[in-house]
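Naming follows writing order (A, B, C, D and E), and every chain is counted from residue 1.
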Amino acid sequence: MSEATLPAQPIEDIAPAARFRAVRRFVRHRLAMVGVVMILVLVLGSFLGPHLYPFDDLRIDMRNRFQVPFMGPHWLGADPLGRDLMARLMTAGQVSLAVGFAAMILSTLVGTAIGAVAGFYGRALGGALMRFVDAMLCFPNIFLLLTLAAFIQPGVWTITAIIAFTSWMEVARVVEGQFKTLRERDFAIAAMMIGSSDARIIFAEILPNAVAPIVVAATLNVARAILLESYVSFLGYGIQPPLPSWGNMLNSAQQYLTSAPWLAIFPGLAITAAVTGFNFIGDGLRDALDPRLDA
Amino acid sequence: MDQPLLEIDHLSKHYAVGRSWLGRGGGLVRAVDDISFVIQKGEILGLVGESGSGKSTVGRMLLRLGDQPTAGRVDFAGQDIAPMSQRQLRPLRARMQLIFQDPYSSLNPKMTVGQILEAPLRIHGRGGDRAARQRKVAEVLDLVGLRPGHAARYPHEFSGGQRQRIGIARAIILEPDFLVADEAVSALDVSVQAQVVSLLLEIRRRMGVTILFIAHDLAVVGYISDRVAVMYLGRIVELAPVASLYARPRHPYSEALFSAAPVPDPRANRQRILLEGDVPSPLNPPSGCAFRTRCAYAIPGCAAARPPLAELAPGHFAACIRPELELRRG
Amino acid sequence: MMRYLGSRLLQSILLLWIVSLIGFFVLYLAPGGPLAQFALTPGMTQEQLARIAHQMGLDRPLPVQYWEWLSRLLIGDWGQSYRDSQPVLAIIGSHLFATLLLMGASTLLAMIIGTWIGVLGAIRRYSIFDYLATIGAMIGLSIPTFWFGLIAIYLFSVKLPWFPAGNMYTVGDASFLDYAHHLVLPCLVLTLVTVAIWSRYMRSAMLDVQGQDFIRTARAKGLPEHVVLRKHAMRNAILPMITVAGLQIPTILSGALVAETVFTWPGMGRLFLDSLNYRDYPVVMGVLMFSAVFVLLGNLLADVLYAVADPRIRLT
Amino acid sequence: MTQPILSVRGLNVRFRGRGGGEVHVVRDVDFELAAGQTLALVGESGSGKSVTSLALMRLLPGEPRCRIGGRVLLEGRDLLYLTEAGMRGVRGNEIAMIFQEPMTSLNPVHRVGEQIAESVRFHKGLGRRDALDRAVELLELVGIPDPLRRAQAFPHEMSGGMRQRVMIAIALACDPKVLIADEPTTALDVTIQAQVLELLRDLQARTGMAMLFITHNLGVVAEIADRVMVMYAGRIVEQAAVDPLFAKPLMPYTRGLLGAVPRLDIFAKEKPPLTSIPGAVPDPAHPPKGCAFNPRCTHRQGGLCDQRTPPLEAAQPGHDVRCLRWREAMEAA
Amino acid sequence: MSIQTTNGLARRRLFQLGGAGLLAATLPRPVLAAGGKAMKGQIIAGLSQEPTFFNPLMPHIEVDEAVYWAIYSPLWGVDEKGDFIPQLATEIPTQENGGISADGLTWTVKLREGVKWHDGQPFSADDVKYTIDLLNNPDFRAAKRQGHELVTKVEVKSPTEIVWTMKEVYAPYAAILAWTFIVPKHVVEKAASANDSTLNTAPVGTGAFKWQERVAGDHITLAGNPDFFGDGPHVERLVIKYIPDLTVMYTQFQTGDIDHTGLQGITADHYEEASKLPDRVVQANLVATIENIGFNLGKPQFQDQAVREALYYAIDKQSLIDSIYYGLPKATESYLPQQSWAFNPDLPKQSYDPEKAKAILDAAGWKPGADGIREKNGVKLSFLNSTTAGNHLREQAQQLIQQNWGDIGVKMEIHNLPPAVMWGDYWMMSKFDSVIVGIGFMVGPDPDATDYFGGKQTPAKGGNGQNTTQYDNPEVNRLLAEAASTLDRAKRTQAYKTMQEHTRHDLPFLPLFQYTLIEGVKKGLNGFKASINVQSNLWNVRDWSWS
């Protein structure tokens, strides 16, 4: 079938650069574009929205407590303290998205560093590092996350750090796998043959080739970090009021589930939208960056 | 010419397989088992054998890719490189290079051809400043038949044959003494294969580089090499100048190899020696002569001891206890 | 085979040891402690608290406590709960059934549905069904399960009182139907995620297999398409899923914890959360270790099953 | 020539590219194949030879991803017009196929006996027991020692050569009239390749089946073929009986190919230079104008070869060539 | 859950797993036990926390007491009015009846005859002596020794009479004993260490219900004790079901899966709806817990009484109660519940008056700084406020108060902590700025609060108590000592009332309100009585019965 599916045998002056091919594939990926739009809307809404929106997220207004959505001054209704739900969703979005991003960056850096060292050096050092990764993966991640969250002073930074601490392993695994294979690839051997230092081989030769799966894993990690933050906050171990996050909005809404269900519905939808958006993008990236499609 | 560049002395490489992480069980694959030979300065030594014969392992050991050999010496220009660490080897890297089989995976897809070719110069501090280095790159590109303008392109923009040229350019840019071409033309289409073979010969002519040419295709090896070594199950069974070997092989395995090779001539003589069965597992090679289980001329004595490589004609070595055999080619 | 098992078990023990180190030090180095729950008892004094701490051995150096704990663990004594002073293993044991029931039911369901969706999606690649299944799976992976659970409670327990919102059975009933009735909502929530994962893996495994040469061989033999699919494609696609199932155990456990908290299901997740709240270190440690053992054994079992099912694999 | 079993007329295969454009990978292929005959289809990678063989078996993806045009007549029936069920009755029964990679072409989870028997059961309606007995017979036929035991083996327990023998057994299970062998020896070592070629020759002599042998190795062609078709960029560029083709190739491409292969009988002292063909095979998505080979051709004539697409002409009876300047080549030879 | 009602039962029987035994157990039918008690049906009580530890003398949490009251008996209990009721003792010792000597130091207690432990062993004065001695045994991990430490010599005069002497007169001791359950000597003695006796997991008591089984994480089943010495029990079985989610608990109450919602009960937002439920009786009852804002007087911001007073005026207490708590709790000015005999109802009422608050601060020299936050002598009126993370209503209150105080130029930041951190050194060693907590200040049913207000009771200063606000008023100290060392109820009442005036003036804590617990019972279940004097309203479950 190789001839049937891969008829292209590029000759001079014809093949477009693979980078642009990947970009084109990504842009053509319908779900990915839906994801990008969702995330753009959420990010812009969260960070610009508050400047345009007439209500403050912290202003308590007892007259309008439990205002039903679309039935009063507050668009999406108001919470038990009469605070505007929409405004709170926007501020919460800033927190949740920021935590998601920051946790992703942290976990990706840690995971990449550990995975790269383990994959490149293998043997004793790599083995030891990967055993540590394996051990971390033995914990169902929510168990570990909750354990840490339950004991550590909750706050934006600590929650970010905790989430990162419990979700770098998959990146590490991906990177280790990549490095293990790429290290054996001819171009890496060629780099060694010309006398490159290990650092050069790791950073200049192998890492650029491992970027695609790292980017995919990182995107999916944002989605996961947002989910984890919401869950930890939902259980009361995460971001603490009055700072709203989508998760802790759900936490306080839980009690009013029967009497004011909108308090639970909107933050939940926001989380779902954000996570779905990042998952869509991750999926699109995975497809677009699939090296099998270059050739 | 008759001055050795490399002397290989009782070189072996054994791998443990299927062993548990506690180091128990499993077996030992003798990928390369006690071989000795010499490569002369400026010569092209062909190395042929079927898959699993250990020819690639030999090539990589001579370049000291990967771990130290299990046993033996590799004297490269007077230095034993067998026990060296990769760090110790680094300065020597400029003098020995490898040309890979797969033109697709041997070039870093994320680097331009220029970057790929410049890297060795930068690492070894050769070629002067940036402009000088780029001139050198252009020069080498020209030598391998590409245009200097190609330096700005990425590998995937080239065809297989062109990529192989880039690989060769990288290998020769530091003007090494020794090249290993590991199945360098096997993955190429026939029409392109000839281009690359010619290029290698041209480079040898111009630079006087020594080449170990590893391949499974007897015809190509015969065409390019001065001398050829035939490997079977990790051992060299025959080593001779091309003319001598191709005129009269002295080892039954070489004979079988020749006879099996298809000749692109429908009128050619088609009396062939069909070997029976498959190559035995290197985990558990036969005693004595490793080839005896498939050999048409085997006698009980073959099982007794491993036959040494003996000089049966001037410069023509074979490891067979029956030098009297009249073997035919093809 | 035995040697493989032995070696894997040894490896697992090494991993468990690292797990225990991570768990123990995370727990014990964190601020706060089990004494806090007693601090508010009327009439509690500092002196008294210190005495309790001493009697519980909490005032000893951490490595000593760890060594003590580990050496008891090795002889099968997982310690005693601070909260109800029962042996930790017994406590875990008494919560295990609920979790296994929930996980088992939802995994079974998810495998059946997920396999079906995945195979169908792969066969009719790029069809409307495939597209919807893909989007559905992505959303399934994205919905916060606890929220989904809350909404499910709101809809099917509060608004439409079809299913109970919590507990595993009605006290005094405990019939099969009663269990099943209680199982519906938590199982639904847990299955949502698992189905999504499972169908995605199944689809891509099926697509991989469909591109394999031997499928072409099967077609070249002139076999009917359903035989090609079932005997050749699915058989090979399901094989790697055994490993996937093994690797999903931590995810499913995590999911079970979420479902248990939302639906007040009396399983290990609930126990874990309660123990965390009480700083019941031995139990928290026990649950962490137990889930690690569970995960490792699950993976081992998956690998062994895989080897049994796939003739290419010889365990050595 | 006797009545052909398989006759292909104007076969065209087009793939829909990712961008929506069409890639025309097989163009106007005509050939005939008679019982007991071996027709070799030679070409470099990307020339369209494998697609041709898959198109005959209708094993290419269906429309809209791939369109097949022309006629494929098996004893007068046009296979391209059969229903899918009808085609299943042909595949593995009247036309069988073996592939390049014996490693991956066998299902790793089923025993080889079962994989052979499966075909017999489906096409001949044999019971399980009988089919397995037949499988053992077939294994014996393809020269596998201890066939009774080997029938119980899994593919991974066999060597590459053995596996290819199993593939051949599967192909021969229903005594096909035509065997399509798609690079069956490329992945094998030379000594094993010799064994397999020998086996195929032997089996053909015994069964009288026709064989379409696809390869890029001219040495193999010389060994096994009666007739040869040379394919370049989706087109047949030369077609002749094996002897005249090797002796007097008319198409510059064929000549180039033959010249590019070093010969074993070349002695070191007087190595004639290898005639290499410059450049590389064109991208089927962007074929050159005029003769597809003209950019690489040493005999090209500007203004002619890059303008007109040459037709396939009969230079001599049974020797067709697709070149605008074949007459000059004839004279030179 | 609709299909679980009546007509579902027949269908379910077909699928019954447990067989006839379980089925029979399910059906309500009166049982005439050996003791001649008529026991009918079962009670399922829902609790939002799980009782797990059953040795009443050892450290435990509040919810465990729900089980203790059913299983164990103290010498005497205390009813909802605060009156002692004899249980294992035949009467309450007082100076009047001679049970307590004139100097108040020697106590003589007469015990009930013929009482049997659940395992059939007879109960005697030895068990009482053993219990008191055990509490004072340094190797025993006693939950608290307060009061018991003063007992010097315990003598068993006869199986039904016991005498002990105290080091000093300590008035709250009778109340402490009302919360001290007597444990069986013969059971605890069997264990190698009293800390590990079987009592911890399988309690044996003299109460109205016997231990049957615990399904961890789900429920506890207790069986009616036909040999109970008192009236009752009136049901065959008491099931205490653990339902960690209040919404789920309420739903189960609605559907009739549980007969009583205990502990955190029904949430305030469901009160109105719940009160309208058919066949359910829902009561909102005040409990002893006082919601208050505690100040760490060791911090410079809070040393000025004017600040504390101004902060008090700035709180919109009534809207806080009305809107966040649905108007259910009762605003209070004291640390004592209004049901207490020592409660002072005449304390000045707080009013919401931000202008007055500002005026007080202005007068005291706290002027707004550049950032709008008041300051004086370099001290900013900016501080943290902490509580245990996860209490939604309190978090809302916190945010309301934050806004109230912000309005008068005081910056309060919310800094909530997990309970295990909050109640550790942060609380005990006075590391907080301010807290918002609900505290039951009484010692058992006794209004003594030395622990919280005694000047020597600050742990951060080496004291032994819970005076974490570091309040130290010599007059208050004197009044507390005086009230504890007299057995004269009238004198004590007077001292405590004066003391409440002091705390109202000094405001070491801002009293917000007295909590309400909304509990529901099924109609037809009689005997439920809310009491502030105990920690669980299952305290009199022995008296509960179905009509």
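The rule is short, and it goes like this: contacts are C-beta pairs under 8 Å (C-beta built on N, C-alpha and C of every residue); 3 or more make two chains touch, one makes a residue touch a chain.
Each chain and its UniProt protein: A, C = Peptide/nickel transport system permease protein; B, D = Oligopeptide transport system ATP-binding protein; E = Peptide/nickel transport system substrate-binding protein.
Please read all numbers here as calculations on a predicted model, not as lab measurements.
J.: On a CA-centroid basis, which chain has its centre farthest from chain D's?
T.: Following the centroid criterion, the farthest chain would be E.
J.: Among the chains in this structure, which pair is joined by the largest number of C-beta pairs in contact?
T.: C-E
J.: If you average the CA atoms of chain A and of chain D, how far apart do the two points sit, in angstrom?
T.: Inter-chain centre distance comes to 50 Å.
J.: Whole-Å distance, chain A centre to chain E centre, using C-alpha means?
T.: About 46 Å, centre to centre.
J.: Distance between chain D and chain E based on Cα centroids, please, to the nearest Å.
T.: Chain D and chain E have C-alpha centres separated by 90 Å.
J.: Chain E: which residues touch two or more other chains?
T.: 247, 418, 420-421 - these are the residues of chain E that touch more than one other chain.
J.: Touching at least two other chains at once: which residues of chain D meet that condition?
T.: In chain D, residues 45, 280-281 touch at least two other chains, as defined above.
J.: Residues of chain C touching 2+ other chains?
T.: Correct list: 31-32, 153, 158, 213, 216, 261, 277.
J.: Please name which positions on chain D make contact with chain C in the complex.
T.: Spelled out, the residues of chain D in touch with chain C are 57, 59, 84-85, 87-93, 96-97, 99, 101, 104-110, 118-119, 122-123, 154, 156, 167, 170.
J.: Spell out the residues on chain B that touch chain D in their complex, using ranges where they run on.
T.: Where chain B meets chain D, its residues are 50-51, 159-162, 189-195, 197-198, 216, 218-220, 222-223, 225-226, 241-243, 246-247, 256-268, 270, 272, 274-275, 278-279, 329-330.
J.: Which residues of chain C touch chain E in the complex?
T.: Residue positions touching the partner: 31-49, 51-52, 55-56, 81, 83-86, 91, 94-95, 98, 153, 157-158, 161-168, 170-178, 181, 261-264, 266-267, 270-271, 274, 277-279.
J.: Mind listing the chain D positions that touch chain B in their complex?
T.: 44-45, 159, 161-162, 189-195, 197-198, 216-223, 225, 242-243, 246, 256-269, 271, 273-278, 280-281, 296
J.: Would you mind writing out the residues of chain A in touch with chain B in their complex?
T.: Touching chain B: residues 9-12, 15, 17-18, 185-187, 189-197, 200, 204-205, 208-209, 294-295 of chain A.
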